[in-house]
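Would you mind keeping the following structure in view while I ask a few things?
Letters A, B, C and D mark the chains as written, and numbering starts fresh at 1 in each.
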Amino acid sequence: MLEELKKEVWQANLDLVKHGLVLFTWGNASAIDREKGLVVIKPSGVSYDEMKPEDMVVVDMDGRVVEGRLKPSSDTPTHLVLYKAFGAIGGVVHTHSTYATAWAQAGRDIPNLGTTHADYFGGDIPCTADMTREEVEGDYERETGEVIVRRFAGIDPVYVPGVLVKNHGPFSWGKDAAEAVYHAAVMEEVAKMAAVTLDINPQATMNPHLVKKHFSRKHGPGAYYGQSSGEKGS
Amino acid sequence: MLEELKKEVWQANLDLVKHGLVLFTWGNASAIDREKGLVVIKPSGVSYDEMKPEDMVVVDMDGRVVEGRLKPSSDTPTHLVLYKAFGAIGGVVHTHSTYATAWAQAGRDIPNLGTTHADYFGGDIPCTADMTREEVEGDYERETGEVIVRRFAGIDPVYVPGVLVKNHGPFSWGKDAAEAVYHAAVMEEVAKMAAVTLDINPQATMNPHLVKKHFSRKHGPGAYYGQSSGEKGS
Amino acid sequence: MLEELKKEVWQANLDLVKHGLVLFTWGNASAIDREKGLVVIKPSGVSYDEMKPEDMVVVDMDGRVVEGRLKPSSDTPTHLVLYKAFGAIGGVVHTHSTYATAWAQAGRDIPNLGTTHADYFGGDIPCTADMTREEVEGDYERETGEVIVRRFAGIDPVYVPGVLVKNHGPFSWGKDAAEAVYHAAVMEEVAKMAAVTLDINPQATMNPHLVKKHFSRKHGPGAYYGQSSGEKGS
Amino acid sequence: MLEELKKEVWQANLDLVKHGLVLFTWGNASAIDREKGLVVIKPSGVSYDEMKPEDMVVVDMDGRVVEGRLKPSSDTPTHLVLYKAFGAIGGVVHTHSTYATAWAQAGRDIPNLGTTHADYFGGDIPCTADMTREEVEGDYERETGEVIVRRFAGIDPVYVPGVLVKNHGPFSWGKDAAEAVYHAAVMEEVAKMAAVTLDINPQATMNPHLVKKHFSRKHGPGAYYGQSSGEKGS
């Protein structure tokens, strides 16, 4: 069942390790089959070394395990909220990558300070509000998704394919699991660049003309980066 | 004698290198057999490349070598004090990992600023008091253990499985040597994240509701992370 | 056609990865055959793993593809402006390497603070002016070259073989593609050293006597570093 | 001639790369045969990948090549001054390692802030004075040695086996080339730790009682670290 998608999700999880984005089991990737309404996700707390494609867990949109002998990632409810709210996305990733997590702990949006950022994120990478006691003590992982969705009121998740959950860490997404991983790696890199930039010049700002230009070089009908129009350089 | 435990301790020492936590010979891991009252520890100043399981040294609770042709780690008396004072622990690790050591040199507790920290440490990671001249010139390594134990007055070492010895570096522990290594790696990572976080926002603080939530996701009777209850994600 | 040069450019692009200067496809190297008036450059958005020497694209000085089945790097017009303006250079490199990009985002010249810098750059590494709306919305990549050339009014590009494009990232050059890569690696290293230096001592300055001395140790008729006079230590 | 020493020096140079202390050709190691009054040193500007033991150059105490078909490192005169002034040392290393070089560029002594430092350096790691125009334009590499020697007036080079040359970078030494490399790696690590420490707490200071204790744990007649007395943990 969904063997191809399981392979993609398995590969995406391994790529998180390859890019240095996870220590131990601190990350997870998933993908959705929109037609079937099923999500494939990493099992909880399993070592990346031992994971096989067939260990990926299939859940329905209510989080019920449809296939798989292991428990799904404890962050599954967060992924499901994002798939429901953001209809254009096909893959979701969560990590505790060092610099993106530091910005999340700092409670600050990652400012758009250069074209590396602007090539993939059409604005600052937002940080969510504090979660309330009720949210934390209630259905916590689902509420984590809700606090993300509320933060994206007025923001197109395709133009800003990632978020910082305050005092927690980054989530990212894309058209599939591979692109969600790609955006997780970009977010970590621009998080590091932004921290170093503000260390050098606390007053650093972006040239506003570059914002639209760079994002549109790689996205939308006028894209001219890569070998075919609309390619995102992956 | 204790061949299985020697292998575990040997493996734990190699894992310190694998995780980038030690340069040269600057780290050591040990484990205890509580029934026999014996501790297995790394030999002093021996290269990790050449170390074999049978080089591990067996000492009794007074530090006397019971088996082994090499001298035990010079930090053995510190490990013994911790095993005596903290009855629930089975493994101890000491490193000079870069960021945890920087916090120890700064003389500051590592503040709990996010869920990465809260998943494993139920509060700030404490830094000990200055050691007095008498302590340093006396039975120094034993006194290093004592200054740690005094700092843990009122703190459960299972909830906070690590410490910074001021102007020295981190010690960590766990139910066995492997978990002590795991906590050493977590401590280094959260030490780096905290330094970067405060660089971005010197006023950063933790959401108090997340502290209990995250620790209890992975610990105790209500744990739901990993494949079995009580699993710690290792 | 230009098989030897294609191999050099292909190797230069792979060396960018080897030196840790590019993530994904975020970099490109080119070289020029001055006699034929042709430039060989990396194709756009192609993975370094899969790239072969025969994938390199040959363009003329107006950017028309003369040979190659793939589209050339979208930064090709910038490379061409540099080859036209700086007659002594044979290779050009662009990356988004972390620390050099942070200086570009900070909008600051990288100050010459030590001999590591002075060995290869005969002064500060300049940062360009902000690009105007007209430049960004016009022939953007060509204008990127022009803003670099304007910044080098009064600066010999052989003595300062690199630049920061504001809010974007570094370009470097050299007598061939390999030397341009070498200078890209030096720029990233001195960018990191300068950031750390100013963190330690915001008032740090260079000893002016060392500037000329170190550059001339490796360059020009009095050079005495390396195995032959004029060798640049590569 | 001196085949054993050539092998040691060759190995020491490769170890600089292994420890991440040199980029390209930016480092050199040498050793002395005190009885013969000859020094073996790395050739200038040769790639570490291609270097063989027989490429090492033998020079006398005046810097004349006694054996070898390649030019010796351009820093040879500095090494010779150190061997003449510091009679107890057998190996010298020079690198441009990132953090030690940043301290040199900052013009600051690396403060002794913890036991990692104190285990190998019996005090702060000193930074030299500015070199004068006459020194720089005169016999520059020899003068670099002289400025180091002057800085060590009243400091025992065995207790402080390294130095920062202002606006340049670190030199270190030891009983042989291997120990000089070891000290170069320690210096880089404590340089990084000190920078991070002061970032966390600008008022950080060392516990004075620990200084003597830690150095004497590994050095001199009372040493008890390692498998034999006097062993330095290498």
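Note that in this section contacts are C-beta pairs under 8 Å (C-beta built on N, C-alpha and C of every residue); 3 or more make two chains touch, one makes a residue touch a chain.
Note that the coordinates shown come from a computational prediction; the quantities given were computed from them, not determined experimentally.
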{"item": "Between chain A and chain D, the fewest steps along chains that touch one another", "value": "2"}
{"item": "Most distant chain from chain B, judged by the mean position of its C-alpha atoms", "value": "C"}
{"item": "Euclidean distance of C-alpha centroids - chain A vs chain C, Å", "value": "32"}
{"item": "Chain B and chain C: spacing of chain centres that average the CA atoms, whole Å", "value": "46"}
{"item": "Residues of chain D touching at least two other chains", "value": "198-199"}
{"item": "Pairwise touch network: line, ring, star, complete, or other", "value": "ring"}
{"item": "Touch list for chain A against partner chain B, complex", "value": "23-26, 43-46, 70-71, 74, 96, 98-99, 101-108, 130-133, 136-137, 140, 166-169, 195, 198-199"}
{"item": "Residue ranges of chain A in contact with chain C within the complex", "value": "113-116, 182, 185-186, 189, 192-194, 196-201, 204, 206-207, 209-210, 213, 217, 224-227, 231, 233-234"}
